[in-house]
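Following this line, the structures themselves.
Both complexes shown next keep subunit A, but they swap its partner, so subunit B is in the first and subunit C is in the second.
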Partner chain A sequence: MKLNATQAVNWMIKTNEKIQKQSDYLSQLDRDIGDGDHGINMARGFQAVEDTLSNEEFAEVSDVLKKTATTIMSKVGGAAGPLYGTAFQKMAMTSKGTEVDSETFSNMVEAAVEGLKQRGKSEEGEKTMIDVWSPLHDALKETSEFDGEKIREIAHSSMESTKDMVATKGRAAYLKERSKGHLDPGSVSSYYVFEALSETLEKG
Partner chain B sequence: MKKLINDSNDIISEMLEGIVSAYPDSMRQVEGTTCIVRKDAPVKNKVAVVSGGGSGHEPAHAGFVGKGMLDAAVAGEVFTSPTPDQVLEGIKATDDGSGVLLVIKNYTGDVMNYEMAAELAESEGINVEQVVVNDDVAVEDSSFTTGRRGVAGTVFVHKLAGAKAEAGGSLAEVKGVADNVIANVRSMGVALSPCIMPTTGEPGFELAEDEVEMGVGIHGEPGIETKKLTSADDIAEELTENVLPELELNASDEVAVMVNGMGATPEMELYVFNRKVQTILADKGIKVHETIVGEYMTSLEMAGCSLTVLKLDDELKELLDAPSKAPAFRK
Partner chain C sequence: MAQVGIILVSHSEKLTEGIQSLLEEVVGDVSVQTAGGNEEGQIGTSLDKIQNAMKNVGEAGALVFYDLGSAQMNAEMAIEMLELEHVHLSDAPIVEGAYLAAVEASVGKSVNDIRESLKNEFGKE
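Our next item is the complex of A and B:
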């Protein structure tokens, strides 16, 4: 199973559908432990991604992801803008000129995790989106199958695992122990990204 | 939600238009951007001081644009850092080749977006330095956290670094002043009621009628402790006791004091609060060179205030006294 450019566009459109639908929920999660704008910012950014991608033709997956990255960087702002922008930029660079099969995708997610750590000066276990992206890479490198359902499952359980973490990065870190018991909003939006990928891989 | 707005999607652009039309002699908007720059930018042979951040802190940051203070203020969405491309526009519009100092408040998003903008500017051959303001003592400074937040003390960084740049300081000297201010400024805030996000219509946290949120930030995020409201004197005492220790003030030292309203606090209450602060400082024999009371770094319609104390040396004192044409900080 491989991901082609058309599917990559569908992946982003599906991601936008989910973000739009869950915008209030994401903002609510962010209000609990942050400043309450994650849903709004992501909805503004991914709507712009869909609008931009829908009007262009793309030769390869890398081009789709690069366009996504630059659009997010200029439309989202906050912490989510540079972080998602960096993640998509790294995935675009890693997939340049190659077909996106399971192995390439694993390398793409690995590069994204490295980019997130560098840009956010963060590591695993700090209650950030890295806690979804990093376990996903761990799972991907163990398999040669591009299995949508597996990706969704790992992303989902990883997202759930952020609930019991104490935030040490991002605005939630100011709450210290009070951040416990809440899902990390960036991990939840990351789950939507991978849930959308899973559906794209299954339905095309 | 009851707000004096048209469409919440148009708040930022309409606000910027309103600011520029209020002060057309001091500033202009860079076309197609959210950057407000000095009307005469780029100023010849002068280091540019560029700041900005999320909106909702007015008069910060655009109100501090003007001769003697900021060269550019870049506005983001409400409580959201501006994006790297916008910050880059602010840098490009104000650099005359003397270099640019970015004044960033210590938040994950702001630091990342400004860093990316600095990388972009450097790749275009512009000399850029950055300082990160982290004056909020409410938040512990530990290697395990993002560090302290930048709050109202940022206004002193704008003023003094801006004055140094105006006086012809080199990029290294302007950054040196900014570093010196950051090392010697401390703040802490309290909220009596939360603010309402115009985009969602929801408050950032809940407070009962008789409660205050201590150690509150400037983005409607909860503080570090919810407690019963007692009196202005009690709160002034608690904030002062938290702000002062790290400044290690001696009896002969001079300071500047800022009592900053968070957006919905009557000036009457700010003065009542200031009265107690001044008494405490006088009792300690600390000389107050200047006191500033008013709204400088707000959090939409949050009620409450913050206390900022800046320890002064001779240079900082001179720079604080220097003239400023910025509409929100005229001297």
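Our next item is the complex of A and C:
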């Protein structure tokens, strides 16, 4: 894969389209096992991302992701704000000054996973967005060259796998066993992020 | 010597205002900054609000108390972004912890002494 700054902007715009469309669904998932504000928070934040990115020129992918990170941090709210903000900030730092190819992207996702674990004080298997980001990194680091479809497939199966997990972090943790059978909202929104990336890589 | 400040970060504006007036009433001479609710004043947290509350910390430093998950994450992020070395996040319960810290700050204890007291009282800094 290769990703340039224009594509990175398109990636975020496509992510926003999906989040806007699925905002009610995300909030519904969050009402089941959380506090019900994930859809509305993400919709507000990513709309701000699209508005900000559309009005600026960017020299490299890192700049796009950095702007995305700071916008998310101040506009998303809820737990998703600091978590997504940290993920994009780490990806921006890792891609600074380099072309984004398969290897760089794998490193970017790795840094994002580390950031998410540190910020959320969480690990894999705790029914959080880490359960989409971390398996994705595991798969990416084993392949030297991959495309959008592969990214989408892994993100999708990882998202589905959160259904059977028991939450031990966040509001859902209070529900323990009852959180089983529900998809984790943060994993679903993470899937939209990677589905949008996949489409950007496939269609430009 | 300048006093250690107290910063309250909560999902609710009313909660931070309530604790602030409690501390000011009971303890008196103490600086309490608040960042409650999101930007519209509704339930939530706002990184910008938290950063604002941290802006006027004096050289004695400050202790930050939070209520729930995202308040903690946003407060951590604000401290990192502003590179505030003498501002510390406390994991103590927001009301009891802030009360203890306010009492000690009002008698001029240092930020590290107060962290030690919090640790002794609540088992966490």
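Criterion: the second predicted complex is superposed on the first by the 202 of 204 C-alpha atoms of A that agree within 3 Å, B and C clash if a C-alpha of one lies under 4 Å from a C-alpha of the other, contacts with A are read in each partner's own complex, and residues count from 1 in each chain.
Criterion: a contact is a pair of C-beta atoms (placed from the backbone, for glycine too) under 8 Å apart; a residue touches a chain by one contact, two chains touch by 3 or more.
Just so it is clear, the model here is predicted, and its values are computed rather than measured.
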{"item": "Fit or clash between subunit C and subunit B when superposed on subunit A", "value": "clash"}
{"item": "Between subunit B and subunit C, more extensive residue contact with subunit A", "value": "B"}
{"item": "Subunit B versus subunit C as contact partner of A:Asp24, first or second or both or neither", "value": "first"}
{"item": "First (subunit B), second (subunit C), both or neither touched by A:Gly78", "value": "both"}
{"item": "Touching partner for A:Gly170 - first (subunit B), second (subunit C), both, neither", "value": "both"}
{"item": "Touching partner for A:Gly120 - first (subunit B), second (subunit C), both, neither", "value": "both"}
{"item": "First (subunit B), second (subunit C), both or neither touched by A:Gly36", "value": "first"}
{"item": "Subunit B and subunit C footprints on subunit A, overlapping residues", "value": "37, 41, 73-74, 77-79, 81-83, 119-120, 170-171"}
{"item": "Subunit B-touching residues of subunit A, taken from the complex the two chains share", "value": "24, 27-28, 31, 34-37, 39-41, 44, 73-83, 119-120, 168-171, 173-175, 178"}
{"item": "Subunit C - residues contacting subunit A, complex", "value": "38, 44-48, 69-70, 73-74, 76-77"}
{"item": "For the subunit A and subunit C complex, residues of the former touching the latter", "value": "37, 41, 73-74, 77-79, 81-83, 85-86, 119-120, 170-171"}
{"item": "For the subunit B and subunit A complex, residues of the former touching the latter", "value": "54, 76-86, 107-109, 112-113, 115-116, 139, 144-146, 149, 197, 199-200, 202, 204-205, 217, 219-222, 224"}
